[in-house]
Every structure is written in C-alpha cells, then in structure tokens.
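The following pair of complexes shares a single chain, subunit A, combined with subunit B in the former and subunit C in the latter.
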Partner chain A sequence: MTDLLKENKLLDAITTSFKIEGKVIRDHRVEVNADKNTVSSILLFVKNQLGYIHLAHMTCVDWIDQGEYEMIYTVYSPVDKITLFVKARIDREKPIMENIDTIWDQANTYEREMREMFGIEFPGLIGEHDFILEDWDQIPPMRKEFDTHKYAAETFFTRPGREDAKDVREEINKRSGAKVPDFAKKYSRE
Partner chain B sequence: MENDKNSQKIVDYIQNFARKHSLFVLAYGTGCGAIEIPATMTSRYDAERFGIRGAATPRQADVLLITGYLSTKTLKRVIRVYEQMQEPKYVIGFGSCTINGGMYYDSYNTINGLDQYLPVDVYINGCMPRPEAVISGFVKLQELIMAGKANNGEKYRENLEHYRSNQKKIIKNWKMPDYNW
Partner chain C sequence: MVREKETTLYLGPQHPGITGNMMVKLKVQGDTVVSASTHVGYLHRAFEKLIERRNWIQAFTLLCRFCVPEPDPMELTYARAVEELDNREVPERAKYIRVIVMELARMQSFMLWYAGQSGSAGLYLTPQWSVGDRNYILDLFEDLTGGRIYHMYIWPGGVRRDLPKGWTDKTLRTMDYIEKRLDEYNKILFDNTIFQKRAQGVGIVPKDKAIEWGVVGPVLRGTGIRSDVRIDEPYEVYDKIDFDIPTQEGGDVWARALVRKEEVRQSIRIIRQAIADMPEGEYYNKVSNPMKWTVPAGQAWARTESVRGEIGFHVTSDGGNKPYRVHVKGAAYTHGVTVLEKILPGQNIADVSFILNSLGVCPPEIER
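Up next, the complex of A and B:
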C-alpha cells in the first residue's frame, strides 16, 4: 500500500485554490467536484501549473432522477502518472456548459458529440450540427427518457420469431433432469 | 432464367456455369464482419478456388456482401452502391445483425432485417460466421445461380416501389439519383 503522497498533494493544491471538495479514489486516481462555472479555470490551472497536459476524455452522465447532467473531464499528467476527474453538475432543463475547446482543441469533437447525443449547448462552439446522426428528428438519443426499444419497434421491421422456437434453458434441463432455478422462471416461454 | 417448360436452355446452362465460377465480391465492409473476409480470402481457406475474389468498384462486382450491422447512415450508401452494380447482382446478408438486428435489435440507429430494403439471396447466420460458414454461403449462392433462381436484380426492379417506400421510411432526406433501367 502506497502512502498516496502525490495524490494528496494534487488534491490539496486544487481544493485550497478553488475552495471545492474532492477525494483520492485510489493510487493514480483523483476526483474533484467542481461548480460548472469554475471548471474551465480548474482545467487551465492544472494544465498550466501542474502539468496535466492531456485531455483523455470528456463525457456526460444523465442523472434523470436528480434532474441533472454530470459533466466529467478526465485529464492526465504524463509526469505524475495521475488521472484527474473534474466533475460538474448542470441543470437538466437548460443544459448549457462552458466551451473548453480553447484550452484543448480536441474537446471540440467531444462537445459536438454531446450536443448531438444529449442536447447540451456549448456557447461559441464551431461545427456542423449534424455530427454522427443524419436527419435526426427525435429528442437526443442518449437521454434517458428516449425509449430506444419503442423507437426501433416503430421505425424498423422486426422479424417474427420461429414458431417452434424453444427455451434453451428448459430444453437442456429436460434432457438432464435438472430443475429451473427460481430467478430464471420469469424468462420462461411456456 | 427458366423458360416456360421449367427447364433451362443449353446457352443458359453455359452462362450460369460461367457466372457461378467467377463471383466478384465488392470490397465493401460494414460492421464487424469485414474482419472475416481476409481470413476467407487468404491461403488457409482460399476462397479463390471457388472463383470468389474481390472487385474494386461496384460496377465491376457481382456480389454485395453486407458484413454485419447496418446503421441507417450506412444503408444510404449501400443502396447507392447496390443500384450502381450491374446485373447479374447478388446480395449476401452476413451475420445475425442483417437477419433480425442481432444484439442491436433495439438500437435507434441500426436496421433490423436487411431484406426489407434490398433483395437478399443468401443469409449466413452466426455472430460472426467463421470462414467455413462464409464459403458454405457462397456455395449455396452458386447452387442458386446454377439452378437459375438467383435473379434478384430483376426482382428489385419489378418491386422498386415497395423497396423505395421502405427505404424512404428510414432515409428521410432523400437526395439520391433516380436510375432508370
């Protein structure tokens, strides 16, 4: 077990500068929970002062019960070998997040994808609105209220199954004489 | 082609024999199945002993191999490619995704059932089918050609309205050229 010196030093540097909370997840993993307005200044600070020069990933999580989206920025330092997660919550009704493609150019691609898949607006983001989807006229498909099963059943042609299709588990159990466990009975076709 | 006596002319027999042994497959890989094609083509399974080999462009190809799932965006390109191909032309659906959607059956972005959009001659099931299965599918296609039953290019022309209406259901912004055969 290491004593997590580097990780605690990084956490202290960020939390004392910005008055925010965070934690050391394990060795080489640090997480801070920021406000949505301070995210870009945190990212600039860790990039310019602490050497976290690599934006590994940025993504979004839909917390539909709490009415929020969570933006997660993953940055990495090749010197410290620490992955830092900067998390911020934004409102689900009016999802607007700061555009950070002035800090890292590659953020533009991630932001365009999030604009298309979650409907998050990034003021000042340059790029076509159609990114991966073509001619999409529904709500953004990665939102949790989008019922992909229903949409697929309405749009595409489902092939009816074979009439003599059998339940694999029951057939095997009939042959070997074993009993179907209780948790598996709800999947039965009979 | 069969004549009214349900038999083939000798010239058809020769024609079908020649077609059967020179199937040029369009090098167009969709989805994950394209990785099985190099294995099928190269020395271990050696598909060329059946006369199966690659073709560079759609206009030179006989067989369109749909290898795996088709997203709605790719379907547009596949239709375009299929309509550029010259007859006789055949379609092979490859893997369970082309048959019923496979593991993407409830995806918002991949089609379920290729034969609603293009006429399919042979389906090869499996996820993924191994090179033996691929070759067996091709052999099945050769049997169909030999029996004069693989004329789906003609079927597509005759039922164009049916296929077009299905295709336009997916591709809302239809900007494709209308070919007049």
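Up next, the complex of A and C:
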C-alpha cells in the first residue's frame, strides 16, 4: 500500500492556490473540479510550476440530463508519474470553453474535433473548420440526442430486398428459385 | 539564387507510403517542404458513438478495429479501464497471458513497421521477409484465439480461454526462430548504407519539445528520454519481469529505428520470462451474464504502452449496461497531426512517407 504522499501534495498545491475541490482517486491519479474560467490558469500553473508538461488527453462527456458538458483535461508529470484530471462543467446549450492551444499546441487537434463532434466553441481556435466531418449539416453527432439509426435510415438507401432486414437466404431463394440448404440440418450431429 | 515557385502537393489519401487513408497537404518549393497540414476524414466510422449503443462486452468488436496493426493494446486498455470501474480482480495467470499477448502484438506490429519503413526507403526485400515472418506470430494468435488479426481475447476479468496444449512450446520455438532472423534483418536493413543515409538526420523531433508536443513511445525514447508506461506505471505483471527500455539520442528516423530494433529483442526476453514464471490456475474472473452486465457509475483512465507509444482510454459509466462514453487517444493522434506538421517543413518530399512511417502514424486511430 502506497502512502499517496506525492498525490496529496499535488492536490494541496492546487486546491490551496485556486480554492477549489478535488480528491486523490488512487495512486497515480488525482482529480480537481474547477470553474470553466480557471481551467487555463490551473493548467498553466501545473505545467510551469509543478512539471505536468504532458497533455495526455482531452475529452468531453455529454451529461444531457443535467444540461451540461463535462470537459476533462488529463495531464501527466513524467517526474511524479501522476496523472491529474482537471474537470469543468459548461452549459451544453451555449457551449463555450477556453482555448488552451497556446499552452499545448496539440490541444488544437482535440479542440477542432470537439468543435465538430459536440459543437463547443473555443474562441481564437486556429484551424480549418472541417477536421473529420466534411459538409456536415446535422447537429454535432456526438451529442446524446443525435440518433444514429434515424440518421442512417433517412440518409442512406437500403439495398433492394433488405428493406426490413430480411434473412438474406430467403430473399435469394425467392428471387432465383434456388433451394437454400438447411444448414442447421446439414451440420446436425444427429 | 533562383527563386522557385511554391506549389501544393497532395500526398494521399491513397498512397503506398501512408498506412491508411489520410492526406498530407504539402506546400513545396522545388523538392523541399515549406509547410504541411494533415487532413483526415476518410476513415471516420463513428466507433465511439456506436460503442454507446452497445453493451460493455459488445464494444470489443469495435474497439479492436480502432487501429488495424494494433488491436490487442486497445482491448487491454479498455478492459483495464472497465475493471477499474467494476473493481474486478484479474487472476495472476491471466495477467501473465496478457503480457505474452501484448508482447506478441508488439512483435507483429514491429514486423509491419519494418516493412513500411524499409519499403518507403525503396528497399523491397525486407518487407517480403518481415511480412512473411509476421505470419508465424499470427499463427500463434490463431491457435490461441481463433483469429489472426482481430482477437477479442482479452476481456474484463481476464482472458477468454486458457492457453491451448503445446502453445507455449510453439511460442518459444517461434521466438528462437525470430531471434535468429533479427540478425539477418540487421544485415539487410540496419547495416545497409542506403537506409543509414536516408534515416540519419531526417525527421528530427527536438528533445526539449518532445513531451510538450505529445510525443510518446519509441519516438520519445529516440530523443533520449526514458519513458515507457510499462515502467512508469506498471500494469499486469510488468513489474515482476526484468527488461530494459532502450533509448537513443538524436531524435531522427535512425534513432527511432534503433530503438524499435532493440525493443523487439526485449519483447522476446519478456515472453520467455512470462512463460517460465506463469502460474497455473484460473484465467478468467467470470462476468456472470455479459449481456446483462452493469458497471458501477464512474470514470476511469487507463493507459498502456503499445508499439507506437501510450494508448489511453477514458471510459465513463452511468451505472448502466452500456458505456456512457468511451474516448480513445492513441499515439497517432498527436504524431500524425501536430508533430508531423511541425517536423516536415525543411524536409525533402521523398522523405515524407519515410518520416510518417517512423512516427507510427495510424490514420484510423486519429478519427476513429
């Protein structure tokens, strides 16, 4: 059992500097819950003062029932070997989040993806608008209310004979008149 | 001095030098790249969205396809994240089996890298050899899992079935064979002047910027930084196994090639130790009914060292029988966009594919 000394020290450093809540999840894992306007200050602080120089991951979780997006910034210190999660909630109807690609260049890729997939605006974000989706005219597809089944049914045509996802063997049988072998009987052990 | 006109060159989306469909838009002056930008979108299959519609186990059929050359690290990372959420113990034997599978996966992926790297330098004998030898590793996977490329073998709670009879002996024989072949590979690739001249001083990733740019894996170790998830945050039984983390100075294609060359030998060393030390016993902490299995609400972040570097899965559960959100970050996400765009200016057009291969860019992993 580790004593989590380094983890607690990191948590104290952030929570006392920014007056925010957080917890040690387990060894190597610490999380803090920040206000959306202080995220970039926290990230700058941990990067420049505490050595959390690797932006390991950025993600967004759509909590549709709560009307919020949860932004999660995962940073890692190669010295402490601790992963820190900085979490912040934003309104999902008018989602605007601080742009951090001035802190880490690679954040630009994540932010361009989130702009397309969740419709989050990052003021000052540089980069061509279409990153993955081209000429997309629907709601951002990773939002929970986007119905993939409905979209597929409305957008793509069905192959003749598969309108109601019939058994393809029956359809071949009907069209060609050929006898479809009864596989269950043929390979039965009895 | 003659001023040459700047022209635009599109490398891809179909190009033999790119492992998957991706386009690199190059601005060139003569033979020299002035600027580069990555364009993806040819392989988007909405896997992360589709996973939200499937239960925890069905997700495996999708997530092993995030990156074709490396299905196993994806399975393991997801399984570890789900195990953390579910607080599910993994039997000791399964941990050893997982390590063996991961190192075999590293070796087969190395063989593909070897083919791509030498092929993009115009050396066509090495791809024939390495893709041929890779089949011996795929044979082992077929014996173990029934599938050659996609296995869906690692599950939350362990692995799906135990090792078949005689499999470890066959694996050890294959390791002996591949170890001998590696000496021959050295002669035809690493001792080859063409490869040395093409690789040295090309595609340099600066050491002081590497971590900030999100560089991971052999590319990071090629700059002299000793970083590997297997030692930084040991998972499974990597902390019980004795192996080295090779590093090189320089940060160029040559340094990355030397790192990989040594890593595959370390993989053989790990597999031999894991087979020798593997205990008997259970291999699967069974989920009672996988189709109705619910995972407690929460979030977990798991990371694993793949052949191209750190792979991370961020998994969110709302307590239901389906993942609420799964987000994967592979090495290609930074290597294929930010890092590539930064190191290509100033390089020769002929070296672009060569550099792409050495960075381990896997386009399907960028857009998923």
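Just so it is clear, the second predicted complex is superposed on the first by the 156 of 190 C-alpha atoms of A that agree within 3 Å, B and C clash if a C-alpha of one lies under 4 Å from a C-alpha of the other, contacts with A are read in each partner's own complex, and residues count from 1 in each chain.
Convention: a residue touches a chain if its C-beta (ideal position, glycine included) is under 8 Å from a C-beta of that chain, and two chains touch if they have at least 3 such contacts.
Fair warning: this is a prediction, and the values are worked out from it, not measured in the lab.
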Looking only at contacts as defined up top, I'd like to know whether subunit B or subunit C touches more of subunit A. C
Which superposed partner A:V24 touches (first subunit B, second subunit C, both, neither): neither
Who does A:F156 touch here: subunit B (first), subunit C (second), both, or neither? first
By the touch definition at the top of the document, which applies to A:T148: first (subunit B), second (subunit C), both, or neither? both
First, second, both or neither for A:D137, with subunit B first and subunit C second: first
What is the contact status of A:D105 with respect to subunit B (first) and subunit C (second): first, second, both, or neither? second
Once chain A of both complexes is superposed, is A:P78 in touch with subunit B (first), subunit C (second), both, or neither? second
Where on subunit A do the contacts from subunit B and from subunit C line up? 132-134, 141, 146, 148
Which part of subunit B faces subunit A closely enough to touch in the complex? 72-73, 76, 99-101, 105-109, 111-113, 116, 166, 169-173
Subunit A to subunit C touching residues, read off their complex: 28-29, 53-57, 59, 61-62, 72, 74, 78, 81, 83, 85, 104-106, 108-109, 128, 130-134, 141-142, 146, 148
Touch list for subunit A against partner subunit B, complex: 132-135, 137-138, 141, 146, 148-149, 151-153, 155-159
Listed in rising order, subunit C residues that touch subunit A in their complex are 37, 40-41, 44, 46, 48-50, 53, 211-214, 225, 227, 232-233, 299, 301, 303, 310, 312, 314, 316, 324-325, 327, 329, 333-334, 337-339, 342, 367
